[in-house]
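Each in structure tokens, the structures are laid out below.
Shared between the two complexes below is chain A, which pairs with chain B and chain C, respectively.
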Partner chain A sequence: MNITINLFATLRKDRFDSARQEYPSGTNVRHVLSILLIPESEAAIIFVNGRHAEPDSELRDGDALSIFPPIGGG
Partner chain B sequence: MDRLKDYLKTHAVNDVVQQDVLNEAAMRFGLTHRLLEKAALESGVLPVRYQRNRNTLSIEQQLALFQSRVAVVGCGGLGGYLIEELARLGVGTIVAIDPDKFEEHNLNRQILCTLETIGSPKVAAAADRVQKINPAVTLVPVRQALDSGNAPAILRGCDIVADALDSNPARIDLAAYCAEQSIPLVHGAIAGWYGQVAVQFPGEDTVINLLNSCRDKTGIEKEFGNPPFAPAFVASLQTAEVCKIITSKDRSMSGRVLFIDLKDMRFEEIRTGCPPHPLL
Partner chain C sequence: MDKILRIDMGADGGPKINVTDLGGYAGFGGRAMTTAIVSREVPPLCHPLGAENKLVIAPGMLSGTIAAMSGRLSIGCKSPLTGGIKESNSGGQAAQVLGRLGYAAIVLEGKPKSEDLYKVFINKEGVKIVVDNGLKMLPNYDLVDKMKAEFGDKISCISIGPAGEMKMNVASIACTDIELRPTRHAGRGGVGAVMGSKGVKVIVLDDTGVSMRPPKDVEKFRDANKRFVDGLMKHPVTGQALPAYGTNVLTNILSEAGGYPTYNFKQGRFTGASKISGETLAELETKRGGMPTHGCHRGCVIRCSGVFNDKDGHYLTKQPEYETVWAHGGNCGIDDMDAIAQLDFMDDNFGVDTIEMGATIGVAMDAGIAKFGDAQAAINLVKEVGKGSDLGRILGGGAAVTGKIFGVERVPVVKGQAMPAYDPRAVKGVGVTYATSPMGADHTAGYAVATNILKVGGYVDPLTAEGQIELSRNLQIATAAVDSTGMCIFIAFAILDQADTFQALLDLISAFYGINLTGDGVVELGKKVLSMERDFNARAGFTAQQDRLPRYFTNEFLPPHNVNFDVKDEDLDKVFNW
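Then we have the complex of A and B:
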């Protein structure tokens, strides 16, 4: 299945801004993170199709996965 | 009071009254700048300091700002700019909350931090600054960290809370206090070239959901610090949201999160699935 992955801020470094990638059906967010070598500690905010998701969330064909690092300064 | 209002109207030109007229009225009627500004706006007369807000904000909206009370939680990078802009905008009462004193490493980005204020409580510097900008604005300095014990009393009566904290666990607590007291929350956070802004109205969970997953994670500001342009930019977006919530409500960013990337100069918006707030 095809997943569109959008990375933001520091997660783009040595990776990409946005890409469509092929994954086996049943893939969850955690698997995508591992393939992209993104530690879960750096994937603070996860959206699938604009809705909050978790590392355990299962993806479906055509989903848009957006991943943001934690930002906490003021 | 009618004599005062007649005086202000008589001396206004195109509904704008100059500062020297206000100063004269203060002496003649024995009133503070705060009461004078209130009387002017209630009379449909605009103090000249707000002339360049005009046609962006009506006199009625300027009065609504004057009658509002906004809490700024944290008086560092974001908070300093928020206080500066809210005072110039004409928000009548600003509750500034921060337990800390200025240190030298604040000088790169915290507008209230100067060589003179290093070692001073941040909220004291905020009070001094607001007094210099607009003596009609009341700044309430609260030199404490918010906690579950003091938050109800400190936030009571506030129309809006602006989040200018520097830790996400503290932000999650703040979002809960705001939810408990039904106060709209304007969230902002920064790290390096990046920032985020969101609004949470009573009954919504936008900010709580956004931050819950960050509770145990170290923000990238620990690695990349905070350069001066990020707090200035993000605080300005927060001020604009505060202004809209007070004056019109109809164009608030409720139900969205804005992610800011000043390195690539790109802005990403995520709709969080919250429907627009029913009061909007």
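Then we have the complex of A and C:
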């Protein structure tokens, strides 16, 4: 299945801003993190299609997965 | 900080200076001080621009000490924008300098009998106030240059631009930063108009020859400050993300979360977000020889600001904040970073609130005055405000006034004050804060975005009504207390997550004043401040009906999540039940 992955802030370093990648069906967020070598502690905020998700969240074909390190502002 | 400076601008024979001891205001600082003086001394039914209103300028409890992050200044009055009590908060050097000069508050009172414009100079010798009509209608940058030429470069300035002199609802009060640039503003609520109504253009502070405020227990204070700084450096938000990307790091995440108000609060996601994001901004600043990391006052260790240079590598403005980038950017459909930076400079120079100004232009675009996405048109509209043309005076009245005059239904205000950069339908906790804060729509009054979106201080789902009342209540209480200490609100990211950093803050205050402040004491302080503010507003005529969002946030659903604001009215009325 096709997943669009968006990375932000420090997570872009040595990786990418946005990419479409193929994964086997049944893949969860944790698996994607491990492929991208992102420690779970750095993936502080995870969205799937604009809704908060967890490492255990299962992905579906066409999902947009966005991963942020700890950030703040205001 | 054992005295209060009062200047009666309406006294017979010209302004009269009176320095008193703290009296019944001993122990207050920052927002607690401005709120206490305004709520006790200003008749709630007075006209905000009349003789009975007072402008109160107060450093926080720890301002002027060596405590890190303690440089926030509170400015209070009855607001011409909301008609209620106002505390507007600014960074820059002024709070530290004022604290070291020994003033717990400056109170501008009365109304001048002439059209003269005054300049106030304060140093260790005392206070002088003189007429200087040559300053009339000077923008803030030119004004500060003039003050430097007259008083040297060891000064700090608190000033108004043309908007304040014209008594516009959008008028801010500028505070200079470390480089003596008028980039930090008490923006919200039209405080600049109140300073203009008192006939005061600038307050120049010079702390030459004065020392840091001494704590009661020097050793304990130093130790607490070290633990406090260590805690801030250890937390990934205050130690890494804010210094690297500044507040504008939020653009991408809010757009991603579907809570980024776009085209005057019609959509929750902006296609141009990445072009104006914190990541892009930091890269651009570095490329042009600006700075992505910069503190607004000495003693700041987070350093969330930066310096923005133009295409030729010349200074244009400080790093525009997230709220500014949103207000002048996404909210108006504009994704041109240079145009947004130009607008940021113009706002600082004319002395207007970037949030209110951007939101007003969004409303004007909805009315067809300009097209969404037209950056040059937005720049031209702000020029009109600076000139004070008829159109400029209307826009200078703020979003609510502009919406009424041009017949726009969709006007994102509460108590007459424009909402900032989070749609209350998709970030419901901050929606509760917008609705109920005594300040009008104000994200800083109870920053539920932290818990709704950023997962700081726990997590409450932003898209459901459940848990938002309690979240906003607790944050509003904590914020009212933090705003009284002089601490930058960004310390909250660390103290919400790290108990030892919160304890270090308590120890700082305890060691300084020789008291034993506990977490319960902080909560009591926050409740006391909010109660005074609510009481003032009630006496000014505010009822539960003012603690509501405009109706369209209930009736119109926001894409992409197609959500409305569904927190019940009866629940909003429970926020302050303690």
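One rule holds for everything that comes next: the second predicted complex is superposed on the first by the 71 of 74 C-alpha atoms of A that agree within 3 Å, B and C clash if a C-alpha of one lies under 4 Å from a C-alpha of the other, contacts with A are read in each partner's own complex, and residues count from 1 in each chain.
Note that a residue touches a chain if its C-beta (ideal position, glycine included) is under 8 Å from a C-beta of that chain, and two chains touch if they have at least 3 such contacts.
Bear in mind that the values here come from a model prediction, so they are computed numbers and not experimental data.
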{"item": "Contacts of A:R51 with chain B and chain C, given as first, second, both or neither", "value": "both"}
{"item": "First (chain B), second (chain C), both or neither touched by A:K13", "value": "neither"}
{"item": "Touched partner set for A:P70, first chain B, second chain C, both or neither", "value": "both"}
{"item": "On chain A, the residue positions that both chain B and chain C contact, one per complex", "value": "6, 8-10, 17, 44-45, 47, 50-52, 66, 68-74"}
{"item": "Complex interface listing, chain B residues touching chain A", "value": "74, 76-79, 163-168, 171, 188-196, 209-210, 213-214, 217-221, 224, 226, 230-231, 259, 261, 264, 268, 270-273"}
{"item": "Complex contact set, residues of chain A against chain C", "value": "6, 8-10, 12, 17, 44-45, 47, 50-52, 66, 68-74"}
{"item": "Sites on chain A touched by chain B in the complex", "value": "6, 8-10, 17, 41-42, 44-47, 50-52, 54, 66, 68-74"}
{"item": "Residues on chain C engaged by chain A in the complex (per definition of touch)", "value": "235-238, 240-242, 244-250, 252-253, 256-258, 269, 274, 278-279, 304, 322-323, 443-444, 447, 449-450, 453-456, 459, 461-463, 489-490, 493, 560-561"}
